[in-house]
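Structures for review follow.
One chain, chain A, links the two complexes that follow: it is found with chain B in the first and with chain C in the second.
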Partner chain A sequence: MTKRKMFFRMITASLVRRRSRMLVALLAIAVGATILSGLVTIYYDVPRQMGAEFRNYGANMILLPEGSGAFDNAEVDAALSKIPAASVVGVAPYRYESVTINEQPIVAAGTHMDGARAASPYWYIDGEWPAASGELLLGKEIAEKLSTKLGAELNVRYALTEEDEDHSDLFVKENSRKMIVAGILETGGSEEEYIYMAMEDLEALTESAGELDVAELSVSGSQAELQGYADSINASLDGVTARLVKRVTQSESTVLTKLQALVLLVTVIVLALTMICVATTMTAVVTERRREIGLRKALGASDASIIWEFMGEGLLLGLVGGLLGACLGFAFAQAVSVNVFSNSIAFRPLLLPITIIVSILVTGLACILPVRSATDIDPALVLKGE
Partner chain B sequence: MSLLELKDVSKIYGDLHALDKINLKVDTGEWVAIMGPSGSGKSTMMNIIGCMDKPTSGEVLLDGVDISRESAKSLTRIRRDKIGLIFQQFHLVNYLTAVENVMMAQYYHSVPDEKEALRALARVGLADRAKHLPSQLSGGEQQRVCIARALINYPELLLADEPTGNLDEANENVVLDIFSQLHKEGTTLVVVTHDPEVAEVAQRTVTLGHGKIISDKLNEGFKE
Partner chain C sequence: MFFRMIRGAFTRQRGKMLMIALTIALGASLATAMLNVMFDVGDKVAQELKTYGANITVVPKAASVLDNLYEVEGGDAAEGAYLREDELGKIKTIFWAFNIVDYAPFIDTDASLADGREVNVVGTWFNHYMALPTGETLNTGVQNLRTWWDITEGRWLDESQPDDANACMVGASVAAAAGIRAGDSIRLQGPRAGTTLTVVGVYDSGDSADDQIYAPLAQVQKLSNTAGCVSSIEVSALTTPDNELALRAAKDPKSLSASQYETWYCTAYVSSICFQIQEVITDAVASPVRQVADSEGAIMEKTQLLMILITILALVGSGLGISNLVTASVMERSNEIGLMKAIGANDRAITGLVLTEIVIVGIVGAVIGYFAGFGFAQIIGHSVFGSAIEMKAMVIPIVAVLVVVVTLVGSIPAVRTLLRLDPTVVLHGR
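So, the complex of A and B:
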């Protein structure tokens, strides 16, 4: 048998055959590792989880035509190609035109309803989202102005200027379309001053297609990532300018930074507490085994040998505790995620070796002082029972 | 030739002279019993001979080397290489089996060899108890494991401190028989005891009193 085999035989025998004593130390390490692994998982998953929550606050990036004028769907698509598809939560292109209803001038917005719904999930609709051609969404202010109710039929008029047949004169042509009020929009903001219809309906009314005034994007990602996407769009595309909605992205960033700092602080405190707990347990272990240490020294064990044996036990405990903690930590993080964010969490394989290594390091550090004191034990006094 | 020689060895704790200018020679292969009442200096002498303590003055020559001037590190090495220790309270590691306790001494000395450790246990009549933990062994069996552990590295000096102090008469006889066998094989034995019966079976008895040697005689009844 090699010395190494005997070394492992001794430290495993100490851990296995002194279960009740070592269980306390193992429990301390495993609890520490569980909280550590769980909190680190949450730390890294908070941006994703909170990102999804933040997306309820609406668009965080807007695309505008460069200079004055309009842009088209092709340019929006080109801009979207600069953003990973998985990060795009919703895209709502808007075209604004002046129309009249009951002789009152009103701004009508044409959009893709699905996109608007995804980009602005906080919109409260009394009634239904327009689902078919010929249906309208009325801002609450407009509905009050027109004294209109859900299901009412409105005649939407649009005046467009055309040239006569020999191009010598201009005349005004008026298109009108009867539309049904499918829903009334309440946001508490300026959105209540508009009416919303399907892009196709507005294009039919105005007899022109493809033009857009603005596109609102809801994109998940950190402020830095969003800024990166915007910079990439601005640098590579001529007709489009991308801007971040600062009030949304900055508050997201502030909340995330504070939340992550809090999780980090708790993690550090837990690590410190684990270290104190393990150090206390190891001190108790050393005190309890003074006679055994004295015997080993009497048999000719060097100080280094004693240190390695106790450190070996501590490190093995750290390994097992870390392994247990990494698995339990994932379960802990999953439970927190499901209960707090109503969302499951992805297992991070890298966290397994990291938790184990950190547990081993923390245990090793916690063992240094008590183990160092073990070498000061005088074999003659201990063996006499003094 | 002397394996062990104490020259004017004193150990002083404050005003107390635990050992007072002791002179003693132990030859290779000799079996010496050191007797005396409590406080006579037996344990102090045992610690000094066992390289676990240093004298205040005097020389302690073990195999020609003055161990009174060696560093703590050197003393650990000398203890490991030259001395086998047997204790009154056995001092076995309670979570290691009998054979593992023996192998532990090999581990610190050189390389553990399970077969050799098993042979050492067989020599003290414990071949069938090798895989038992100390808590599963009787006092006599634990002391025999302690003897096997002390012998495993072929020490030049076997130093026993009250080896039968915690044993009944039957087990005391077993241990003394083992000592007798070891003496016949040429092992040098120094046995510290307060039991006259244990001292009588040794080749020579040195009696201490108040830190001094008050008698040093060959035992007439000693059987080779």
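So, the complex of A and C:
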């Protein structure tokens, strides 16, 4: 039998025959590795996932026409091309026009309802979002002023004017349209003072298409990234200026930094304590074998060969425990992600070798101290049990 | 004899016992730290989210039609619909007064600068000092409600300095357009009176406030001749995320039964705080700013859930760690137990002996661990949130139960396995 074969036989035999102790050690390592891989995965994923939650605060970038005037959809699309499509959460173009309902002057906004819904998730709608053409969303203030109920039919009028040579408005004709109130909007902000309708309806009413006053963008990303997008839009496009909504971006970065620091610190403390826990368990398992070490030394084994054998065992345990833990940790991170953010998590391949290496290092370190102290002592003393 | 054996175990096997105590202390400190942080994280995150500004606005009842729709008709459109300045202190006397973090009144008017440029002037509190009827004092105002403002020039207006009573802060767009710099004196002509103010600072807010001038409340009241009046109040309050009850109550508090009403009234829902503000301010409508209130609830819930799951992982981890080590340390004593059985000890005596040892070590470890864990929680609290984590009494029984259960779970099966073994086999060493 070669020396190497003997080495492996001793390691495997010790693992198989001392099954219960080895299971204890393996369990300890696997628990440590699970916590390591689980928490690190969460730590890396939390900013992304939490960032998505912060999009609940609504638009963090707005596009405005350069100078006065209006811009069109093509310019919005051009601006959007500067932002990675995956980071765009919602885009809501708006066009504001004065209309009259029951002879009351009211500001009507035309928008794409799906875009508005994605860009302003906090809008609370009593009733339904307008789905079909000819449906209206009424701000709460307006609904109270007009004392209108859901489902009521309103006659929306728009006075079409034209500018003559001396820049005074010239009345041309009046368009009117009957529309149904599909929902009443509550936000607690100035949105409650407007009525909202589909862009197509407003364009039909005003007989002009393509003009926009403002576009609200909800983009996920750090403040620096957002500023980068805004700068590249401002540099390359003439018709529009992009501005960050500072209240949202600045507050988001403050809070998100804190949250990330929280998860980091929790991860560090949990990991440090867990690793010490793993080490003490390993030490206990190895210390128990002082007699065996003494016997082996008495039979003439060199210190180096004893240390190597224990290290070999530790390596094997670390490998198996680390592998087990990496998988369990990913499962845990996945469960957290699904439960907290209802979103799946990306597997980080790099974490697998890291988890295994750390487990091996911790087990190796935990083994070597008691083994060394055992080999340092005279075998006679160890065997005598003192 | 029993006590002598126990004492013997502790003195002679000091190293081993220390190791077990250390592991239990580590596990217990992990559990303590995580539980303390978990119970407090909601409050801490809520505090952080205050940086988004007010989550409740209060306006006069008749002014529900807001003036920026009717600015064409002039600033007097909503005349007569004002809140009373002398009632502002009452906001700090409601049931949830403790949860009101900041608030500030606002009144605005259009004024013209010396060069004829029209500008909107907002009167408010900057860092208003208030002595409350309860004996507490409070510094509140836009300085806390507009955390995202960048002071590009000069400084914040400081109400505690007498000189700043005649000062103002100018928005970046206005400053750029009119060429105003910090330190300049500007003449404002309002609809009813004029005044001269010193510019102490220029701010960049990134929103419509860049086109405005912010001045102390009294100055703007003078410009529009509205002494003692404010047109809106922004309130920043710590709230509990809404649930179904809160949503129903927000629609109509009268639809609740008496006990439901009490639950709702005594919970810090945004709707109940709004309701209580309406009770103390005459003719006011308080409504939640959905953008802030809703998002706040969602983020707080997610953070709490995240921390709960991490805590569970840490608890399971430390539980397994402790019971694992206990099992290992009991298994290792097969020789001793075999010997005791061989010289006639009964099972119960042996179990009692082993368990007593483990439980004593466990208690020592848990006590050390509790205090260490509390220290870890404070490290987290101070370095992340800059404030201490509150000590929750509830954590003590949880940690105690956890330690007792895991040590027993770790030791009893091991002891039973050993007892089942034949002493001769054990002593023979197989």
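In this text, the second predicted complex is superposed on the first by the 324 of 386 C-alpha atoms of A that agree within 3 Å, B and C clash if a C-alpha of one lies under 4 Å from a C-alpha of the other, contacts with A are read in each partner's own complex, and residues count from 1 in each chain.
Here is the rule we go by: a residue touches a chain if its C-beta (ideal position, glycine included) is under 8 Å from a C-beta of that chain, and two chains touch if they have at least 3 such contacts.
Everything numeric in this text was worked out from a predicted model, so none of it was measured.
Contacts of A:Leu361 after superposition on the shared chain: neither chain B nor chain C is touched. Once the two complexes are overlaid on the shared chain, A:Ala70 sits clear of chain B and of chain C alike. In the superposed model, A:Leu319 makes contact with neither chain B nor chain C. When the two structures are aligned on the shared chain, A:Ala118 is found in touch with neither chain B nor chain C. Counting residues of chain A touched by each partner, chain B versus chain C, the larger count belongs to C. With both structures placed on the common chain, the touch criterion links A:Cys327 to neither chain B nor chain C.
Looking at the shared chain after the overlay, A:Ser302 reaches chain B, while chain C stays out of its contact range. Contact residues of chain C toward chain A in the complex are 16, 19-20, 22-23, 26-27, 29-30, 33-34, 37, 41, 45, 48-49, 51-53, 56-57, 64-66, 68-69, 147-148, 150, 204-207, 287-295, 298-299, 302-303, 305-307, 309-310, 313-314, 316-318, 320-322, 324-325, 327-329, 331-332, 376, 379-380, 383-385.
Put simply, chain B touches chain A in their complex at residues 43, 47, 50, 52-53, 73, 76-77, 79-81, 85, 87, 89, 91, 93-96, 100, 103-109, 111-114, 133, 149. Residues of chain A touching chain B in their complex: 1-3, 5-7, 9-10, 13-14, 17-18, 291-292, 295-302, 305, 378-380, 383-385. Listing the residues of chain A that touch chain C in their complex gives 20-21, 24-25, 27-28, 31-32, 34-35, 38-39, 42, 46, 50, 53-54, 56-58, 106-107, 120, 122-124, 141, 144-145, 186-190, 193, 243-251, 254-255, 258-259, 261-263, 265-266, 269-270, 273-274, 276-278, 280-281, 283-285, 287-288, 332, 335-336, 339-341.
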